[in-house]
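Structure first, then comments.
Chain nomenclature is as follows: A, B, C and D, assigned in order of appearance, with residue numbering initiated at 1 for each chain independently.
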Amino acid sequence: MPPPDEKYSAVHYSDYLNLDKLLTAQNLRSVAFGDPAHDEHLFIIVHQVYELWFKQIVHELRSVMKMFELDNVDERSIGTTVARMERVVDIQKLLIEQIRVMESLTPLDFLDFRNYLFPASGFQSLQFRMIEVLLGLKNPYRITYNSIHYSQVFGQQEKELLNELENGQSMLQLVERWLERIPFIQTGRYPFLEKYSEAVTHMIQKEKTAILDTNILTDAEKEQRLKMLGDTDTYFQSVLDPVKHEEMIADGRLKLSYKASIAALFINLYRDEPILHTPFTMLSRLMDIDEYLTLWRYRHAQMVLRMLGRKIGTGGSSGYDYLQATAAKHHIFIDLHNISTLLIPRSELPVLPPDLKRELGFYFSAHNA
Amino acid sequence: MPPPDEKYSAVHYSDYLNLDKLLTAQNLRSVAFGDPAHDEHLFIIVHQVYELWFKQIVHELRSVMKMFELDNVDERSIGTTVARMERVVDIQKLLIEQIRVMESLTPLDFLDFRNYLFPASGFQSLQFRMIEVLLGLKNPYRITYNSIHYSQVFGQQEKELLNELENGQSMLQLVERWLERIPFIQTGRYPFLEKYSEAVTHMIQKEKTAILDTNILTDAEKEQRLKMLGDTDTYFQSVLDPVKHEEMIADGRLKLSYKASIAALFINLYRDEPILHTPFTMLSRLMDIDEYLTLWRYRHAQMVLRMLGRKIGTGGSSGYDYLQATAAKHHIFIDLHNISTLLIPRSELPVLPPDLKRELGFYFSAHNA
Amino acid sequence: MPPPDEKYSAVHYSDYLNLDKLLTAQNLRSVAFGDPAHDEHLFIIVHQVYELWFKQIVHELRSVMKMFELDNVDERSIGTTVARMERVVDIQKLLIEQIRVMESLTPLDFLDFRNYLFPASGFQSLQFRMIEVLLGLKNPYRITYNSIHYSQVFGQQEKELLNELENGQSMLQLVERWLERIPFIQTGRYPFLEKYSEAVTHMIQKEKTAILDTNILTDAEKEQRLKMLGDTDTYFQSVLDPVKHEEMIADGRLKLSYKASIAALFINLYRDEPILHTPFTMLSRLMDIDEYLTLWRYRHAQMVLRMLGRKIGTGGSSGYDYLQATAAKHHIFIDLHNISTLLIPRSELPVLPPDLKRELGFYFSAHNA
Amino acid sequence: MPPPDEKYSAVHYSDYLNLDKLLTAQNLRSVAFGDPAHDEHLFIIVHQVYELWFKQIVHELRSVMKMFELDNVDERSIGTTVARMERVVDIQKLLIEQIRVMESLTPLDFLDFRNYLFPASGFQSLQFRMIEVLLGLKNPYRITYNSIHYSQVFGQQEKELLNELENGQSMLQLVERWLERIPFIQTGRYPFLEKYSEAVTHMIQKEKTAILDTNILTDAEKEQRLKMLGDTDTYFQSVLDPVKHEEMIADGRLKLSYKASIAALFINLYRDEPILHTPFTMLSRLMDIDEYLTLWRYRHAQMVLRMLGRKIGTGGSSGYDYLQATAAKHHIFIDLHNISTLLIPRSELPVLPPDLKRELGFYFSAHNA
C-alpha cells in the first residue's frame, strides 16, 4: 500500500484505463495470415466488449451473493442488492442491443475470415459459464450440445474453477435460504397458509355461486366456466401440497423448497406493506435477470440462424436449434414466475392482524408526534 | 372533393387527429362495474397503441405489395419498398420495447380487473392476423392453439376478409415471383448454377488437399476436419438438386421455389454489383421483419409467463407454451435465412463475364467523359 | 351501475378496445383534397400514439399527486408512487424511441402533404401542456416562442383547464411540501444541519492539510488544488445560507424551499437507512422524468432540424432553436440534480445517534426473536 | 507471414481475444490505496468499453475515407460505405444506451473513489478526439472549455497525430470533393440550377395567386400567409446566390462549397432515380452520424449534471454547461440538414429530359428482352 499522500499523484486517463494493453489486444488472424478481412476487427471488438461486461456482471453477482451469505442478512443491504441487480439488468439490455451491431456483419463478409477461427467458439467463454453457474444453472439442469459436457472445452484451471462454483452456493440457493428464514410467516401468531387456503376456497366458491345464479350465460357457457374453475381449484390444491411439491422438485419441474416458495408467495401478496416492498423488488429483479438471460439466448440463436442458416437435412442438431432450446429451457428462477398462478385479488386477501401489520410498516408520523 | 382553395382552411391539431374520438375510447370495464382498477387504463392504452401501429404496418405492407404485383416491377420502386420495410422494422422494434411498459403491470394488479375481460384476448386481434397472412403465414403453416382454427374467434365479416387474404398473393409469394423473373441468371449467356457448382467443388477439394497435406494436425483432427467437409459437400449437393428441393417444399421445410431460391442466392453472392445492391437490401429487410416478428412472439411469451406463470400439472398447453412454440416455428422467410448455408467466400466466387458485369454496374464516370 | 352478474357478460377484444372508433380516426387531409400522400398516414398514427401515451402519463401523474395531497402521506403509498413513476419513465423512453420512426418520414415526402396541415402544430397538444404544468413547469418558468403565451393556441375550455392547473398544486409543489414535513431532521434531538456543516468543514480542512504536507506536488500544483478547495468551501457556505437560498429562488435559479432542499439532502446522504430507501428512489425517479423530458425535447429539436433545417438568415427564431432552448432550460427538478454538489463521501458522514438510527431501520430479526 | 497450412492451427477463444491482457486491465485506484470502492470497477469497465467501440469507429471511418480518397470513387464501393456508416450509427446508439448503465453509479457512490482520479478526464480520450477530427470537427469550428486548446492535455506523440489529422482531409472534405464531381448536374445538356430556380418561382407564384383568390381566408390571414411566402422567396434567392454562400462560409455558418451543396440538393430531389438512391442513403447516414454524435453529447451533459450538479454561483462554466454547448454547436454536417429548407414538392419538380432519366436508371427489363 502506498503512503496516503500518493493519492494526490496525478493520473492520466489512458494510464488509468490501461489503454496501451486494451487497444493493442486486437490481433486479426486474417491479417496474420496475410489475407486481411476488414470485418474481423468488428468480430473481435464485439466479443471483447462482451467479455468486459461479463466481468462486470460477475463482479456484481459476487458482491450480492456475499451479502446473502450471512446468516442474518442485513436489511440495509437489500436496497444495495436491488440497485446492483438493476445494474446487471441494464447491462443485459446492452448485451442484447449489441447483437444488432454484430448482425451488421453479413454472412458473406464472415466467410472472409471464418476459416481462421477454428475451433474458437463462444462455448469457450469461461465468464459466461461462470455467470450461469453463479446464478444457479448447475450441470443437472442443463441440456447438452451434442452430448458434450459444457466444461470439456476448458483447460484444467478453468475446469477447477467451474467445479468449485458448481459445488458452492448459487444465487438461487442463497435466495432460497434467505426466503426460508423470512419471519412473520407461519409463526404461531399468524397461520398464513391456512388463511390463504381459506381465502382461495372462498373465492372459488363465490365465483361458482355467481356463475350458477346468473341468467346471462347459457348452460353451455356455465358449464365451460365451471370447468375452468374446477381446474383452478385442483391446481391450487396441488401446489399447496408439500408432498406434490417434493415430487415436482424430484422431477426437475421446480427448484425452490416448499418453505421458500410460500415465503415468496407471501411477499408477492403483501408487497404493499412497507417492509416487504424492497424484498418484493429484489424478487422482481431476479425475474428480470432470468428474463433477459433467456432473451439474450433467443437473440443469439436468431443471429446464428442469420449467419449460418439451419442446415436442413444434415445430422446432428444445428447451433441454432441448440441455442433456441436453451432459450426455452435454461430458466433459472422459473419458480418465481410460477408464483403468478397462485396470486389472488387484493379484495380476497386475508386481512393481517393489526400487530403484524404494524410490524410490517414504518411510520414517519409516529416519530413526528 | 372540396374545391381546391379549401386546402387553405385552417385545421387545428386536435381536429386533425380526431382527438375527441381517440381520447374518449378508453372505457374501463372495472369502472363500469363500480370497481375501478387503476391499471386497467394502462392495459387499454397499450393495446390501443398496438392496434394503431398494426394499422400502419398493414398500410405499408399493402403499398409494397401493390408495387410487387406488377408484371414488370418498376426498378425505381425497389428503393421505396426498402424504405417502407425499414419503417416496418422500426415500428416492430417499438412494439417489442413496449412490452417493457406492459410488464409494469404486475400480476397482482392485473387480478384487479382480469375477471371483467373474459373472453377478450389478443387472439382476437384482426389486424395482427392480417399482418401474418399478408406476409405469408397462411393457414397450412400454422401451429394451432388447442386445435382451434385461428379465424374461429372472429365474426362473419372478419372471417371473409381473412379468407380473401388467404386466397390472395402474400408478400412471400410476390417476392418469390419477382425473384423468379430476375434476369441475368441462367440465361444462355451465363450458366450461373454450373459455374457456382464448379466453384463449390473446387473450394471443397482445395480444402481437402490442404488438410491432408498439413503437418500441424493430428490424424484424429484430420479425420474430424474431413468429416465436416464431407458433410458440407453432401449438403451443397442436396440443396442444389431440384428434385430434393421439391420434396422439401412438400414437407413444409422450404417455401420458395427452386428458381426463386437460386435467384436469391445469386443476389446474395453478387450483391456488391451496384444493380444488385438494392435488391439485396430488400431481401435483408424481409429477414429483419421475420426476425423481429418472431422476437415479438418470444417477448410476448415471456410477458405471459410473467403475468400468468405456467400452470404446471394442468391439462392443455399453456398460453406461454403456445406462444413460445410460435416464436420457434412461425418463421415466414426462413428460406432466405437458409441461403447463408450456401454462400462461399468472395475469393472462390466465379468471375462474371465482362459484359454481364457491365450490365450490373452503372457508372458516373461514363457520363462524365 | 349494472347488476353484479353482468360482469360475466362476454366482451370481444375489438369492442373492449373501441376499435371501431380508434381505427376510423385516421382521416388524411391529402386524401380529402384528392391528392393522396402515402406518408400522411404515418404522420397521423405517430401523433395519435403520442396522444394515447400522454393520456396514460396524465393518468399516472394525477394518481400520484392525489396520494401526495394528503396531509399525512401514507408511507404505504410511496412504493406505489415509485412504481407509477417508473412506468412514466418507461413510457418516456418509448416516446423518444418513437422519434426514430418519425424520422423515416423524409423531408421530401413530408412536402407531399405539409401544405394541408396549416396551422396545426404540436404546440396545440393540450395533453402535453397539461403534463408540463402538472409536473411544475408553470408559466413564469417558461421561455416563449416568438413572445406568444403557450395557451393562446387553445379554445376557451382548454384555456380554463390549463389555468386551473396553473393555479393548483403541481407535483413539484406537492413534493416540496412532503419533503418539508419529513421528520428526523432538525428535531431538537438531532441537529442535522449543524453536524453536516461541521463534517464539511472537517473534510475540507483535512484535504487542505494533506495537500500542504505532501511532497509529490509542485508548488504550482498545490496552489491549484488549494484554489479548487477554496471554491468548494465558499460554495458549501453559500448553499447552506438560508438568505442566499431565498435570493436564488427570487432569481429563478432555485425552486425548492430551503427546508425541502435540506430534507432532500438528508435523504440522499442517508439513503442506505431502510426507511429512507424508498423516498430516495422516489426522488431519483423524479430526476429521471425530468431527464427524459428534456431528452425528448432535444430529440424533437433534432427531428425538426432534419425535417425543416434551420433557416439561416431569416428573422425570428426557428422552431429548432426554440426547441433546443427548451431542452436546455425547461428543467423542472433541477434542484434535485443540484444536490449532487452537496454530497460528501460516506466516510465523512456524521454518524447518526443510535436511537435515530434504530428508527430509520426495520429489523426482521427483531420480530424473529 | 506464416506458411499457409498454419491457418489450420487451432485457436482457443480466450487466446484469440487476448483475454489475459483484456481481463487484467482493470486496476482500481481505490484498491491500490487500500480503500476499495465497489463501483470503481464499473467506472473502469464503462470507459474501457467506450474506448473499444471508439477503436472500431476509427477503423470504419478510415476505411470509408480511403474509398473516398480516390480520384474516381468506385461506384461499387458506395454500397459498402453505406453499410459501414450504418454500423457506425448502430455503435453510436449503443454508446448512448450505455449512459444508462453509467447512471447506475450514483453521485454518492462516485464520491467513494472520485478523489483518486484527479486529473484524469474524458477530455483526455485521444480516440474520441480522432473521431471528431476525422469527421471534420477541426479546431476552428470548436468551442473551447475555459479557453484551453483541446490537444493540450495530450503528450507529444498524441499531439502530433492530432495535428496530422487536422492537416489531412476529413470525411467532410472528402464528401465535399466527391459531391463536387458528381456528373449530370450543370452539364451543358441540362441546366439543373436554372430549371430548379424556375420551379421555385413558379411554385411561389402559384401559391400567391391561390391565397389572393380564395375567399375562406380573412384579409388578416391572407396578409400573414403572403408574408410567410415572401420570406420563403427571399430565403431561396439568398441561398442560391453563390456570393452570399461564400459569405456564409466565411462566417462559419456554412461549410460545404456552393458546388457541393447544389449536388447534394440534386441528389435529395431526384433520389428516386435508381442511380441516385445509394448516394442519397450515404448522405442520410452522414446526417445520422452527426445526429447521434450530438445526441451523445447531450446525454453526456445530462449524466454530468446528475453526477456533479451545476455549481450555481461559482465562476467559470461548469462541465455541464460546456458539454451542453457542444451538443448545440458541434454539428459537422449541418449543411446537409439545411438542404431540407430547399426541397420542393415532387409535383413541382422539373421533369428530367428522357436521356438523362435513362442514364439515371437501370433496367432489368432491358436485359430481359
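Here is the rule we use: a residue touches a chain if its C-beta (ideal position, glycine included) is under 8 Å from a C-beta of that chain, and two chains touch if they have at least 3 such contacts.
For clarity, every value in this text was computed on a predicted model and none was experimentally measured.
Among the remaining chains, the Cα-based centre furthest from that of subunit C is the centre of B.
When the interfaces A-B and A-D are ranked by C-beta pairs in contact, the top one is A-D.
Rounded to a whole number, the gap between the C-alpha centres of subunit A and subunit B is 29 angstrom.
Note: centroid distance subunit A to subunit D, computed from Cα atoms, is 39 Å. Chain contacts: subunit A has residues 4, 6, 8, 10, 115, 271 touching two or more partner chains.
Residues of subunit B touching subunit C in their complex: 1-2, 4, 6-8, 10-19, 21-27, 29, 32-34, 38, 41-42, 44-45, 47-49, 51-53, 55-56, 59, 63, 83, 86-87, 90-91, 93-94, 97-98, 100-101, 104, 106, 115-127.
Of all residues in subunit D, those touching subunit C in their complex are 107-108, 111-112, 115, 231, 234-235, 238-239, 248, 253-254, 268-269, 271, 287, 291, 294-295, 298-299, 302, 305-315, 324, 327-328, 334, 337-347. Those residues of subunit B that touch subunit D in the shared complex are 4-6, 8-10, 72, 75-76, 78-80, 181-184, 210-211, 213-217, 221, 225, 271-275, 277-278, 359, 361-365, 367-368.
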